[in-house]
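Dropping the structures in below, format is structure tokens.
In what follows, subunit A forms one complex with subunit B and a second complex with subunit C.
Right after this comes the complex of A and B.
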């Protein structure tokens, strides 16, 4: 774009031509970066600082924001609902991440060795990853309905197991919401695990076989250690996903979002309600700062684990 | 990798597969895969049933009918949401392919002071969760009149650090000789990027495009916040509000969910190998 301008004005042409090649390239570089720098400043960095600032105010959309110090944080930490939500969020994380990684690793490990109809079976596992969580929330919600509507309860009743309340129960609702979240993510994790498995050089396995190691020993001594970068990536990726869970919960509990009795409410849903149902923007901003801190710790842990390896 | 091409080695591999243990593994994997798609099968099956048949949980409807689709698509709402989602996902994807590549290329192939700083600054935005930004974005949108507009839905995602990082990784693998040769031929830097460098990273571009499209097609949180008028809903927000309205008419809810699912499934079936490779690429390099 700089050159277009330059050629339009003869005076500029001489100026542009007089520059040496590396100066020209620096000008090109900053021209390419101009709009992106504006974007990242205005739409990423400035809002980040603004969120921190708003968390220290009592802004409610109606009156201008007033500085109230740490009052939002005091209110939050004194709020039993916040701690319930905090606990739920970590339950999603601490159950969802290990469970989904274990399942996807086992499937990837065996699927990798299968040749017959490999593409078809892989597609079956991958398809749910392409679905919309908002839509699937409703499909699963239907699955969980009592007899005669719900599929799961109907199956249970035909094999003689009593009906389960699922989404209506304060203890079963959270796992019931977690299942579709795990289900939707498995395909992605399986594909990434298989890519990681393929990246392990075959010579390692041959050497191990010559040494007389069995399948189990090879898995423990070669496959799992060499798969560590892939596993760390997936742990972080899915941890962040579970910490930010929202779509499934919102859609599976629309009549009482996060219910029953906040049993399924994750932090992001609490943020959504505080900000866009009760319009306590300052208070909601303080909650987003907590989410930010948790995600930051998870990301830093990843860096730490990866560094340790080198 | 592929099940369709049968080379000599694969035939040998197939022969090795035929052992009891292998057969059991294969069968279990198939059963697991079928369980994975069961929710989708039930969704499609119920979308073809009448209200009276919903309670009969047969997977194949006794008398399949497209009535639900006619009913749901009839008032044009879903069509509108479908078009909104398509337009938004395509525009955001195009923007990401253009800008993320341009920035990734600049950071990979240009020498200038501040390059590392810019790279770190962009990378650091990966740590900022969207949820933290939605309140300032909402404020910004209401001040600038972006609420309830396509631009309001799209602007937060026009560039991403993930895409920039991915493209930078790939541009680093492009040999400088090609770019130098183009420079000697007198091409300007923009043309060199667009005509010489971009065609050399097509796999990365397609991976980025797949991820961006899918992410925006299924996006729910921000569109839910920024849109209040039904005409501007994206498909996921539309499905959610439609389903809440439909209450216990499960056959209609399943039809809405199916309409939201069919397009991505069709695209996947057409481009399966391509998409799986793209996901692997993005996952390993990103």
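Right after this comes the complex of A and C.
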């Protein structure tokens, strides 16, 4: 009994010993990687490819899916609401991303120089990022109400300005939703920008000062170029965030989601409604494929534009 | 020794489970979460189980927003409920999806249903089959704030003209003309789309749908009805869509003199810190009255078979019995679906219930194909006029086309 055990053990040891150190490393690495890879394949990649297939069917949850070719895509591209939603989605992206980055950079730049109550101010900016989007959406929804309960309109009418419809307007609603969305993301972006600013070696600034460069020149020639990796990260990160905007819009317009008259509806909300109010799973999958493509193109484009020139 | 004890425990457990399954059949009841409805159902289940010791009923609830998705998903997974609550307007979707089965006429005879229930029960009939029975029905009425009315020295309105006059007398505005307390709430996402569809369109001489169920409100009457509604904001400035976010919120806060809402709101308004009353929805100048009535019905799930089906039928019979309706009325405040339980002397003398009961007598029940979609059409119709200044006739026409498209798609 004992001898058999010993024999097996030596056998195994010999096999393992025969491998060289780099092969062993590879085996270990794959052993540890196998689990997350299997997990991702099962819950991420497989459903993604499934969605591509579903977008070519008329699946409605109840009846088995039937292949209908590109009919969902034809329907989508012929639907004026889809184009309105498409436009909204890009408005969120094209206004939201630059504006939020500009504001957070300015705040980070000046906050970096403040010593007095530095931690406290930073915490104040970070606080909204920790707040649930749903709670924030509802608070802002009440801010935007008409008098007598809406804070903003009450201030406006006390100083003699006409009250604004905000969420009840086809032109003001989208910016009104965007403001809290930008505000919520600021804290995170400020922290990342400040980390980036701190990572720039102080010697560069000392050298620049000795050479007699002013603040503006230092900002342009040293700070901004050296912050590029940080900026690239934040641009990609916040673009994806704005392209996927949902919580703020849904919570601020629950009575008429994405309204009034689809003025605030982003693509993700349209997908949600198609799938879970109308149960047109195939059509929703087609919209998801479009969103996926947009996200992919925008991300690749940004990485290309902001790439390291060597 | 230890293993033996475990084995013994396991054996005991298995035999206990087997014993349980031999004695009792368990059925599942599904409805959406709404405090008083869940409480009422708990009470009904308790009574039912006491009378039928061999049946246990498990109540499962979901948030309203997820409810339909859950029912559909459960069917796909083959684990649907035995008895399920559904809004009458979802019936076509539920039948098309094979989620529910027709009621067996041997257990639920048609002539008994038709003679005992209010006529709106016919909305649960497709072809020769009834698919469900309601416990309670809902209708609309005009709620008014007694304090504001007393302050203005007026009586609650009975006609549309009086409604307008009352709204004008009770609206409060600030220096800039902004409403600080509305005469009447405007909330198209609430009950106002029903008021427009089933009341105003009819009262201005039209009908919302023709005999085949196609859209028929693209007419002078439809436009006149919409004009009456939007004029409340644009011409008379007695209400504002979005004021206090929701109509019911404005009324509860005491910042609206009148609101149109349903029986299901009685529970929420009970705690209002002011005196309020209810009157029937105002008639037009010729005395034409109308109302919109709706209900949640209970149906038997398609997956119920054998003894579960039998138990489900017994349970459905109980929750649509007169006794259950009285418990529902006490707990939830919704009107009994059987005529003789609803139209009792005590109920007709009740100042709150009476207007709703009178409304039931002449109420219409819209046949919805896609309730959420058709409501959205009405919301957009009003928004186009109020926010984009679209001509009323054009907006009605556009809405009629959009709604007809929904109906056509659903009929395919």
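We adopt the following convention: the second predicted complex is superposed on the first by the 267 of 310 C-alpha atoms of A that agree within 3 Å, B and C clash if a C-alpha of one lies under 4 Å from a C-alpha of the other, contacts with A are read in each partner's own complex, and residues count from 1 in each chain.
Heads up, the rule we're going with is that a contact is a pair of C-beta atoms (placed from the backbone, for glycine too) under 8 Å apart; a residue touches a chain by one contact, two chains touch by 3 or more.
Note that the structure is predicted; figures quoted are calculated from it, not measured.
When both complexes are overlaid on chain A, the residue A:148 reaches subunit B and subunit C alike.
Look at A:62: by the touch rule set out above, it reaches subunit C but stays clear of subunit B.
Contacts of A:276 after superposition: both subunit B and subunit C are touched.
Looking at the shared chain after the overlay, A:132 reaches subunit B, while subunit C stays out of its contact range.
Legend: residue contacts after superposition of the two complexes on their common chain; A:174 is shown touching neither subunit B nor subunit C. In the superposed model, B is the one of subunit B and subunit C that contacts more residues of subunit A. Contacts of A:236 after superposition on the shared chain: neither subunit B nor subunit C is touched.
Once chain A of one complex is fitted onto chain A of the other, the partner contacts of A:163 are limited to subunit C, with no touch recorded for subunit B.
By the touch criterion stated above, A:256 is placed in contact with subunit C alone, subunit B being left untouched.
After overlaying the two complexes on the shared chain, residue contacts for A:28 are found with subunit B alone; subunit C is out of touch. According to the touch criterion, the shared surface of subunit A, contacted by subunit B in one complex and subunit C in the other, consists of residues 142, 148-149, 255, 276.
On subunit B, the positions that touch subunit A within their shared complex are 1-4, 10, 13-14, 17, 22, 25-26, 28-30, 32-34, 36-37, 39-40, 42-43, 46, 54-55, 57, 99, 102-103, 105-106, 110-113, 115, 118, 121-122, 125-140, 155-156, 158-159, 164, 188-190, 193, 214, 217-218, 220-221, 224-225, 235-237, 239-240, 243-244, 250, 253-254, 256-257, 260-261, 264-265, 268, 272-273, 276, 279-280, 283-284.
On the subunit A side of its complex with subunit B, the touching residues are 1, 3, 22, 25-26, 28-30, 32-33, 35-37, 39-40, 43-48, 50-51, 54, 107, 110-111, 113-128, 130-140, 142-143, 148-149, 151, 154, 180, 183, 186-188, 191-192, 194-196, 199, 230, 233, 240, 244, 246-247, 250-251, 254-255, 268, 271-272, 275-276, 281, 284-285, 288-289, 291-292, 295-296, 299. Residues of subunit A touching subunit C in their complex: 61-63, 141-142, 145-149, 153, 157, 162-163, 165, 167-170, 255-256, 259-261, 276-279. Residue ranges of subunit C in contact with subunit A, taken from their complex: 69, 72-73, 75-76, 96-99, 174, 176, 178-181, 187, 189, 240-246, 255, 370, 372-373, 376, 379-380, 383-384, 387-388.
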